[in-house]
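Look for chain A in each of the two complexes below; its partner is chain B in the first and chain C in the second.
Entry: the complex of A and B
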């Protein structure tokens, strides 16, 4: 009786008891599925059934039959542009909430999450109804005899706005969470030592909050890369992205093995992005000074 | 003089940016609520408000079923995610174990896997490897993997400043770990746990890309919307979304009032 009790009180045991369930959960329900996708990508599908003959045909199709790589390249470009735009807009907003939000900070951040209570399908169709050719914006312009704004209709730009619409809150939240642990008094120190506001930002605030920013960049970039929903509403005929094509393999055409290979490729690109972001992070400069205590 | 202008100009400019962001984020939602009172969803102008769509909802079984399924997925996912992320974040922050770095990386990793990939990989794993049919359970698990990482990040960010010596103090005075958690840790960290719960609920409640591949024929609100897209969205769908938003808005008002009255305070601020 005494021995197991003592074991329970040891901090090592308690660490494992608390941490292992989550880790096992990830291993079972994320790692195993991803491994099975990698395995399936080397198999073959025929009339909705999957057969275990090992081959590289799926990769040959994805990499050398033109269209798939075109979609992937288009997705990458879209993701880079949208992420950059989100970054530029999210920083000032997150900074404002963290510095001037006072005790309503959490409410302000939750308000950013509130639109998520409406499904992406409905919100995007509403966005389409606002920006499209017979949408609110263009009809209102027409009423005043102004020409319609064509760049908001069924093209890559409209698609980009839609994707930014979906993921901008993630970027703001990530940067905000980082700023929450940032000691703003450091800026006063910089000021006292003669730094102008911009210089203080570039040498103190930005590097010390880089980890949150990097998480935000990754959090926006990856779903952008895999985006399949938005182009359906806003992208028009030439706006189809890699994610939509990938989804089709599992939905309509039933070519699971090819879809798996596309998934592995997508996963590989994501891993490269994560590796690059990880490489830029210096854990010793996380911005946590311990001064909040 | 310039200094003084600077002092209010910066917050005003940044605040305006936040305001514009709210307008951008909420415009489609407001449009949706507006349209739910119109009969014609493709061109709802001029506005002749009626509540027909809301009355129709009472008789539409498919919509009610979808709502319950979505709520179920959201709540179960949020519960599992919150429990696992709370346990994980306490383990990583409280105990200086040599594996804590690795545990953190594993727990946070699902966040960086695209939803689409989680969806198709769990579909493949469940269907072809385990031979399970798609149902609400597998959708909950797939969503919970994703949600847990968000919960973990939220809890980490809020609990970095928690002083674990409080727990040690309780233990010194003879409380067992369970009692310590309920009487000391939980009362201090509940805002962080609530935040994790709300966010993971949100992500799962309206998730299309993870759930879609795991659900088989089970309808949820997002899959219903996705399915009816090719026939044009019905006003009833808008009405249901508007109702959900109404409830959420009310919740926000209640939270705001409670905060004004000083009954609740969110965010762990240190002691």
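Entry: the complex of A and C
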């Protein structure tokens, strides 16, 4: 038999070397912050100092003092509406690119991601410059002597458009990547076998691309829940979301413990969302065939 | 009702400047097994897709069961189709795959169950209903695809090279079975293939296609033994092509000058004395004898040197080189067991076999 292999070539060594970066990432950037946030949420802050007095006051405040839950609820509703809008908008876009994009596919997907070449703040300012009181739309209306449209200014609707604009590319990309692996021939099979186009979509295209779609939904829904930047720019007083209030605890009022409790609650909601999405995925029903035949 | 299951009238399909299907007219009878045979790019798959409704023809009409379906979408045509790569729905079980057409038609549950039971028995796939396609072998997947195409008893079943992805043994077996299902159900099959053996094994009639047109449409035996064009003669079966000149014409027979020798064949239509002709003689119509043997009276004779014997089991291919270096292949039962490379031999065949056509591009 072969001589004992050197340390580096042993399979256990390689296993560890390969696994290490991932483990370190999870420990330092996921577990560590989450654990500290959970710990902080049971402590107390006073005059910009944090004290390790274990108590439940922060949760009492978040759960029973009306405003916080109202903001959370508003965030959830916003996330649902924005995700649904992104879903409806992204499907045809992704479908078109995957089916008819040909050799320009990659270019088209990159074009969708082009706004990412600048920062989020810049992009939101641009939106403000389009929808705001002295923005392009209202200036144009004014030139024709028409009254300015108010529903585009500093309210929930404006901030919804802003958030959808920020996260739409994630949804399109997730669905597009799924459609890349979809065999469009199956639609011909469905049609020859008596399926009208809409029926073919529902019985073949949708279930076979559900994993990609679910990833898209999750990628949009979760950051929507925590969104704080967009409402600041576009939301006005009525458009304030949970994320904005959460941010305040850290950068303005210095109530980190309360902020941490809000964060833990948000984290819990996200876990529920992910659990629900996971529950909808039946691998056998998505055409997933495992590693091999 | 007439006996015509499918009528195609002047179908033409262009893709840009190429004409994929060129004024095709055809009638297929009820209960007929009809094959479209041709090399890749001959337009046979396009023609099939036009019949299915997956492509729109630029000109012409399609009539299925007496009804003009030319402008109708595929789901309104009552045809079944079996595809080359099976194309089962990966997220559905075998049972759901097979039942898909009935589900789309909204057939009642009792009927679905009854039909499913019937078709899985017929195709020997009972017991697999709960499996998913990726858990099946290639042959099983092909049967499921067939079952899906047949379960709704379509007016017509279209098959696009359905056996091309199966290994040789299985393909042979399935050829016989597919033919049997077609007989039992009496549904007309239109079968696209580039494999002449498949077409010859299964079909009633064969259309040989080339660059969008039919070269010959005839019962399979006729296509094999009496090719209408040089293309059919070279594409169906294995034939030696000999390009020569007509030296004489007499009583329906032509004497051909070829490679320094002379032989007789039935007179090629449209070729006068001196014209260049391509003569095709099927390999198995030739006989190879030891040099100096007595050939039957009146038979054509060619000399040569045996260059190689390719033993294939039932038959052997004898490759005979003429003095000029041109080779002729003779397929025969291995009747010259001791023949070896380098022996001088005599090739003979009857003058009424073989087909001549005016040489193309000469």
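Things to note:
Quick note on the criterion: the second predicted complex is superposed on the first by the 265 of 293 C-alpha atoms of A that agree within 3 Å, B and C clash if a C-alpha of one lies under 4 Å from a C-alpha of the other, contacts with A are read in each partner's own complex, and residues count from 1 in each chain.
Just so it is clear, a contact is a pair of C-beta atoms (placed from the backbone, for glycine too) under 8 Å apart; a residue touches a chain by one contact, two chains touch by 3 or more.
Only a predicted model underlies this, so the values are computations on that prediction, with no experimental measurement involved.
Residue contacts after overlaying the shared chain place A:199 against chain C, while chain B stays out of touching range. Of the two partner chains, chain B is the only one that A:103 touches; chain C does not reach it. In the superposed model, A:140 lies in contact with neither chain B nor chain C.
Looking at the shared chain after the overlay, A:190 reaches chain C, while chain B stays out of its contact range. Between chain B and chain C, B contacts the larger number of chain A residues.
When both complexes are overlaid on chain A, the residue A:149 reaches neither chain B nor chain C.
In the overlay built on the shared chain, the residue A:272 is in contact with neither chain B nor chain C. Where the contact sets of chain A with chain B and with chain C meet, they give residues 293.
Listed in rising order, the residues of chain A touching chain B in the complex are 8-9, 11-12, 14-19, 21-23, 25-27, 29-30, 32-34, 36-37, 40, 50, 89, 92-93, 95-97, 99-100, 103-108, 110-127, 129-130, 134, 136, 139, 165, 168-169, 172, 177-178, 180-181, 197, 215, 218-219, 222-223, 225-226, 228-229, 232, 243, 246-247, 250, 256, 259-260, 263, 266-267, 270, 274, 288, 292-293.
By the touch criterion stated above, chain C contacts chain A in their complex at residues 52-54, 73-75, 77, 79-81, 83, 85, 87, 89-91, 100-101, 104-105, 132, 134, 148, 152, 158.
Interface residues of chain A facing chain C in the complex, by the touch rule stated above, are 183, 185-186, 188-196, 199, 203-204, 207-208, 284-287, 289-290, 293.
Those residues of chain B whose C-beta lies close enough to touch chain A in the complex are 6, 11, 13-15, 17-18, 21-22, 24-29, 31-32, 35, 42-43, 45, 84-85, 87-88, 90-92, 94-95, 97, 99-100, 103, 106-107, 109-118, 120-126, 128-129, 141-142, 144-145, 148, 152-154, 157-158, 160-161, 163, 177, 191, 195, 198-199, 202-203, 205-206, 208-209, 213, 221-222, 225-226, 229, 233, 237-238, 241, 244-245, 248-249, 252, 255-256, 259, 265-267, 270.
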